[in-house]
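What follows is a set of structures for review.
Each of the next two complexes has chain A plus one more chain, namely chain B in the first and chain C in the second.
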Partner chain A sequence: MSMQAEPLTRRGKKGTGAGPENKEVGQDRKQKTQGRAAALLIIPSMIVLGIVIVYPVVDAIVMSLQKDAGLDPATGSFVAGGFAGLYNYIHWILQQCNTPGGQASCPAGTLGSQFWSATGTTFLLTVITVALETVIGFWMAIIMSRTFRGRSALRAAVLVPWAIPTAVTAKLWFFIFAFDGIANTLFHTSILWTGSEVPARSAIIIADVWKTTPFMALLILAGLQMIPDQVYEAAKVDGATAWQRFTQITLPLVKPALMVAILFRTLDALRMYDLPAIMTAGANGTTTLSILVVNQIRIGFNSAAALSTITFLIIFIVAFIFVRFLGANAVESATNSGKVK
Partner chain B sequence: MSVSTLDPRAAKAVARRRERWASSRTYISAAIILIWCLLPFYWMIVTAFRDVGYTFDPTPWFTHVTWDNFTTVFSESLGNHFARNLLNSLIVASATTAVALLFGVFAAYALARLEFRFKFLVLGFVLGASMFPGVAIVTPLFQLFTNIGWFGTYQALIIPNISFVLPLTVYTLTSFFREMPWELEEAARIDGCTQGEAFRKVIMPLAAPAVFTTAILAFIGAWNEFLIASQLSSEATKTVTVAIAYFAGSQPHQEPYTAVMAAGTVVTIPLVILVLVFQRKIVAGLTAGAVK
Partner chain C sequence: MRHSRKFASLAAVSVLAMTLAACGGGGSGGGSTSGGLSGDAGANLDGRGPITYVQGKDNSNVVRPLVDKWNADPAHKNEQVTFKEQSDKADQQHDDLVQNFQAKNTGYDVVDVDVVWTAEFAAKGWLQPLKDKLAFDTTGFLPATVATATYKGTLYAAPQTSDGGILYYRKDLVPTPPKTWDEMMGMCPIAKKNNIDCYAGQFAQYEGLTVNAAEAINTAGGVIVDKNGKPAVNTPEAKAGLTNLVQAFKDGNIPKQAITYQEEQGRQSFEAGKLLFLRNWPYVYNLAKTDGSSVVKDKFGIAPLPGKTGPGASSLGGHNIAMSVYSKHKATAMDFMKFMTNEETEKFYATQGSLAPVRADLYADKDLVKQLPYLPVLLTSIQNAVPRPVSPFYPAVTQAVQINAYAALKGDKTVDQALTDMQAALAAAGSQ
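And now, the complex of A and B:
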């Protein structure tokens, strides 16, 4: 449970578990009867999630330990599959393929040779987009938190990029970055945006930042609005400069909301698929892990399953690091309705 | 600060000037944000209404206006079935939303209202599930659906969509429910209602806006889904996002930009209207739990 030893519980008046003295027999009985009702209400959802998430994940792990059916390059005969042990994982991580001469590094250009480059691309895109979105989103949130005429119009406008389907966003920016497109016309450049690595990645990053910064800004704005005005007024009276007020008050108080926003966005960016798949089809150094998995599905289920399991593990580890070491406690902030400390 | 050393009138003038400067800076920043967010969207609409021959015309306002692109979008002569794709998206997104709400409302009520063990664990699981990478379930489901003959059916799209829409629903609703005036429920029970009656007569009307907002978020999430639909749909069940991504033009190696922008406009305008009308609610839903 998430009971926090805080002297100032805003909802302490009801006394449901506000302190140890309440944890008596009555509390226990209440928990027991409510527990049964809660189980009845929650179990259906858990079963559904079990079917749509847990079962496929377990299935993927089982599949990943099987050989893909196909021609054995060493003997040239058809192999039906069978138990493969960790072969599929080794295939991806060491980029080793079956060749007529036995195990060797996968030839360049095959999917098997792309695991580490895809991982690198995924992390590069994630770090750059999330960093840009955090900084720009913070700035947008600060502007939106001020009182001025037209503020609600602004808040509505930032929802527009968020609401547009990513597939449409991808096509829109693909058009903007076309060779004869508006981006080249506007900046008097003649760049083949999707034709080489740096421009292609930049185009994807810009499209992603455009699409998701509003979401980030709204999450940070929600955090900003939790800070009482009096704190700022008191700091002003004490003579704190605008910069001091930002670093000493805004940043520390908005940090929990900010960390959760960054966590959400990071995990979302790590599974990025739509934008690169549509804008560049993974060409020119834009193959992310998700794209690699999808490309593999039609070649061999089982090694695709191994790769998707690896992807899942990578994302899981990143989430763990965030929650454990960077203090992004999404569950806590979800359980704790009043985030104001 | 040196305010106290100045005479009060001068100090007031300085403060007023500073305030005016600050407010004009706010307006400039707001204008930049507005332009950045809306300009690409505006460009899509301008292009959607532009004659194909002027696809790359950089004129920033509506010129060579035509409905032709919309006719192209809905014409079947090039092998596109856009009306069908729209219907498919509507079916998949509505069904996903309905199922997610049906299960999510009860789970969220329990998470927000009842005391029980493992609550933290359940919430953690729900949150973890909402951040789950779609590719991790696409591979096994691709094989499973192929084996049982579900490939290219509606359920083959709805079931994986539930994997991310249901957690989102539970999470958002839980935050909403926690902010509701539950004292009213207690009052109703004191007046003689059972817990079920109190829920139906007092809480349901109060919860309706929260459920409605969550439904919008769930619907938008399912409507915008691309990865699962691109892998598990057939020609007959293809959704609009997939259709737009692989829209066929008249020339094999020429992207039909204006038609694609028209298709994008058709798909986006209803969402944008929805978002503008329910702006306040949607912002509350997106950031649920953080805003009081």
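And now, the complex of A and C:
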């Protein structure tokens, strides 16, 4: 859809006075043929988008309306589940399971009983990590935007955690937070980092903040560099304090870039998988929605399809709130930051 | 224009979110087939021709020499075997097999399956039942390994390699190893006197915990899933088994950090001399003997797992070799399966890859025992072993066991509550 909207506006810009008050026949025909050409040019990308995005999503939704294959008790082999309607969705949202005694709330130890706790965990981890990453990332960006000796070395160093694959990071922190690991040795503690809820979540938050703050810092840095120096000079002449310059100039001017950075990080954090999967395997209240989906895939595809559709809706709603109410504009600023990079 | 741009950005966001969600979808439609020797399972029984053998990453170079040996035989001129190597991650191997079976890929003739997947694949109708024309003779195989390959009374695969838990102990501190669990717990004051931990296994919430919890329950005479595939974990025997572990945690006989232990952490603690008893797999033996960081090189011994009165009931690891129902050359596949499990090949597994044989008489082979001194102990372990629950819903079963056993070990739930929940979760797993 975005593809169609863009060429239209651009064409409107180019055709001088293409408004209703200046309606020449030739111009009109030109517009029409141009529109056809544009449509032709767009078709390949629409097809690719259709294959890569629309088809899997539609397929996932269709799958989510089918029952998982069940076992025929007589033969011991699987038989197709058939049409399920919204059963799979009800299963997750109301945490209802099929049991030998009929429908009942899912017993502890089934994946079905973990939906809401996983949703809560996902949001908790998202809010805390994104908040920490924003504050620390901002601070790092401000330092990096100053001119001083060794600035490029600092910028390169800051990027290192971001450059390491997440799975490697996770394994690294897994060892650091082991009972005999560096964390406990360094601080002379004997905390079981992966043995109970609060430490396990903290460990994941620490690892995630360490890993993705540089990404945040870079996006914010790009925004900071768009602010002209003259604005600061003028403010200084007017006698604004450093704090006033920060709140009155830096914050409002960097806001578009900041909002996009937060949007990206939030969407990313909502599908967090590798860190908790490797560090705690989802134990001790660290099962996120993505972990739940992957575990469910091994048990039944159709139910997993329903769960990933629900996850998609959750992420979509969050993204919608960001764009609609908080003014994050991914397309506009993404192209800007792309240029700066 | 302002409006359209906003709309465009929204569309972009939704596309982004859709991609994220689509990533989770994975796989294609649910697999559903009916069993019986009709259909694919009844076709191509006499087919001969080239076949493909599928197995996970061949880390110790075991498969290639065997395939070369097979292919070099002039009798197999028209029945050449191609080796298709999968990744080294068990989960990915599983998913790769599922995808190819669903696609009815005729190119996956003979496949290597983990013991815990066998029931699932058999129930899905993907594995050729080994009966009638394609019967497979299991004489001489260890019965527990054959049980892992059997589903609903029919053999669906041939045992290929095995694995069992053994007890590592410090022979400098404990001259004779404990035969029973109570005896071992009685020795824990020795650990205390020496200021080290007493016992550890694998108690973090992952597959290893299923293995350890199943061992505790089976050793005490309980079962997780009974002969008919029905969950039966809510019994006094199972309670006694799980209570043993919970009590040991409470008493400090199992150190509290063991709740985070997988195989490696336990091994490291044992090699650092900080642990009196360790339940682990045979792979630890050579590492503890040779690792530079091991301080117990000559100070440890091995014994069968301690049980109630005699040896404990180990869980079984290892792999089975099976034939796809979609194979076009099943007669060749059968010959190859026999070749891959014959005495000579089994010996090669042991010498080349340190993989435990599935044939009982090899455990008495002098050369082998010389090279792998743990074999006699491992034989006792495997002879007393109980397969992990043979269930087509194994992924759900292991979740049910892990989560509830973990809660009990941590003291979040009483043993009774944990077993009640485990029973309910197992029942729900079987009636999706």
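Quick note on the criterion: the second predicted complex is superposed on the first by the 278 of 341 C-alpha atoms of A that agree within 3 Å, B and C clash if a C-alpha of one lies under 4 Å from a C-alpha of the other, contacts with A are read in each partner's own complex, and residues count from 1 in each chain.
Note that in this section a contact is a pair of C-beta atoms (placed from the backbone, for glycine too) under 8 Å apart; a residue touches a chain by one contact, two chains touch by 3 or more.
These numbers were taken from a predicted model, which means no experiment stands behind them.
Placing chain B and chain C on a common chain A by superposition gives a clash between them.
Legend: residue contacts after superposition of the two complexes on their common chain; A:Gly223 is shown touching chain B, with no touch to chain C. In the superposed model, A:Ile315 lies in contact with both chain B and chain C. Looking at the shared chain after the overlay, A:Lys171 reaches chain B, while chain C stays out of its contact range. Once the two complexes are laid over each other on the shared chain, residue contacts for A:Ala69 go to chain C alone; chain B is not touched. Touch criterion met: A:Val57 reaches chain B and chain C at once. In the overlay built on the shared chain, the residue A:Trp193 is in contact with chain C alone; chain B does not reach it.
Taking chain B and chain C in turn and counting the residues of chain A each one touches, the greater count comes from B. In the superposed pair of complexes, A:Gly120 makes contact with neither chain B nor chain C. In the superposition on chain A, contact of A:Ala156 is made with chain B only, not with chain C.
When the shared chain is aligned, chain C comes close enough to touch A:Cys106, but chain B does not. Among the candidate segments 96-104, 132-140 or 276-284, the part of chain B whose C-alpha atoms clash with chain C in the superposed model is 132-140.
Chain A residues in contact with chain B (one complex) as well as with chain C (other complex) are 1-2, 49, 53, 56-57, 59-60, 63, 178, 180, 267, 271, 290, 293-294, 297, 301, 304-305, 308-309, 311-312, 315, 319, 330-331. By the touch criterion given at the top, residues 1-2, 16-17, 30-31, 34-35, 37-39, 41-42, 44-46, 48-49, 51-53, 56-57, 59-60, 63, 139-140, 143-144, 146, 148, 150-168, 170-176, 178, 180-182, 185-186, 210, 214-215, 218-219, 221-223, 225-226, 239, 257, 264, 267-268, 270-271, 273-274, 277-278, 289-290, 293-294, 297, 301, 304-305, 308-309, 311-312, 315, 319, 330-331, 333-335, 337-339 of chain A touch chain B in their complex. Partner chain C is touched in their complex by these residues of chain A: 1-2, 5-6, 8-9, 12, 49, 53, 56-57, 59-60, 63, 66, 68-72, 75-81, 97-100, 106-112, 178-180, 190, 192-196, 263, 267, 271, 280-284, 290, 293-295, 297-305, 307-309, 311-312, 315-316, 319-320, 322-324, 329-332.
Interface of chain B with chain A (complex): residues 1, 23, 26-27, 29-30, 33-34, 36-38, 40-41, 43-44, 47, 55-56, 58, 99, 103-104, 106-107, 109-111, 114-117, 119-120, 122-129, 131-144, 159-160, 162-163, 166-167, 170-171, 174-175, 178-179, 220, 223-224, 226-227, 230-231, 240-242, 244-245, 255, 257, 260-261, 264, 267-268, 271-272, 274-276, 279-280, 282-283, 286-287, 289-292.
Here chain C touches chain A in the complex through residues 1, 4-36, 91, 94-95, 123-125, 151-152, 204-206, 229, 256-257, 259-260, 265, 268-269, 392-393, 395-396, 399-404, 406-407, 410, 421-422, 424-432, going by the rule given at the top.
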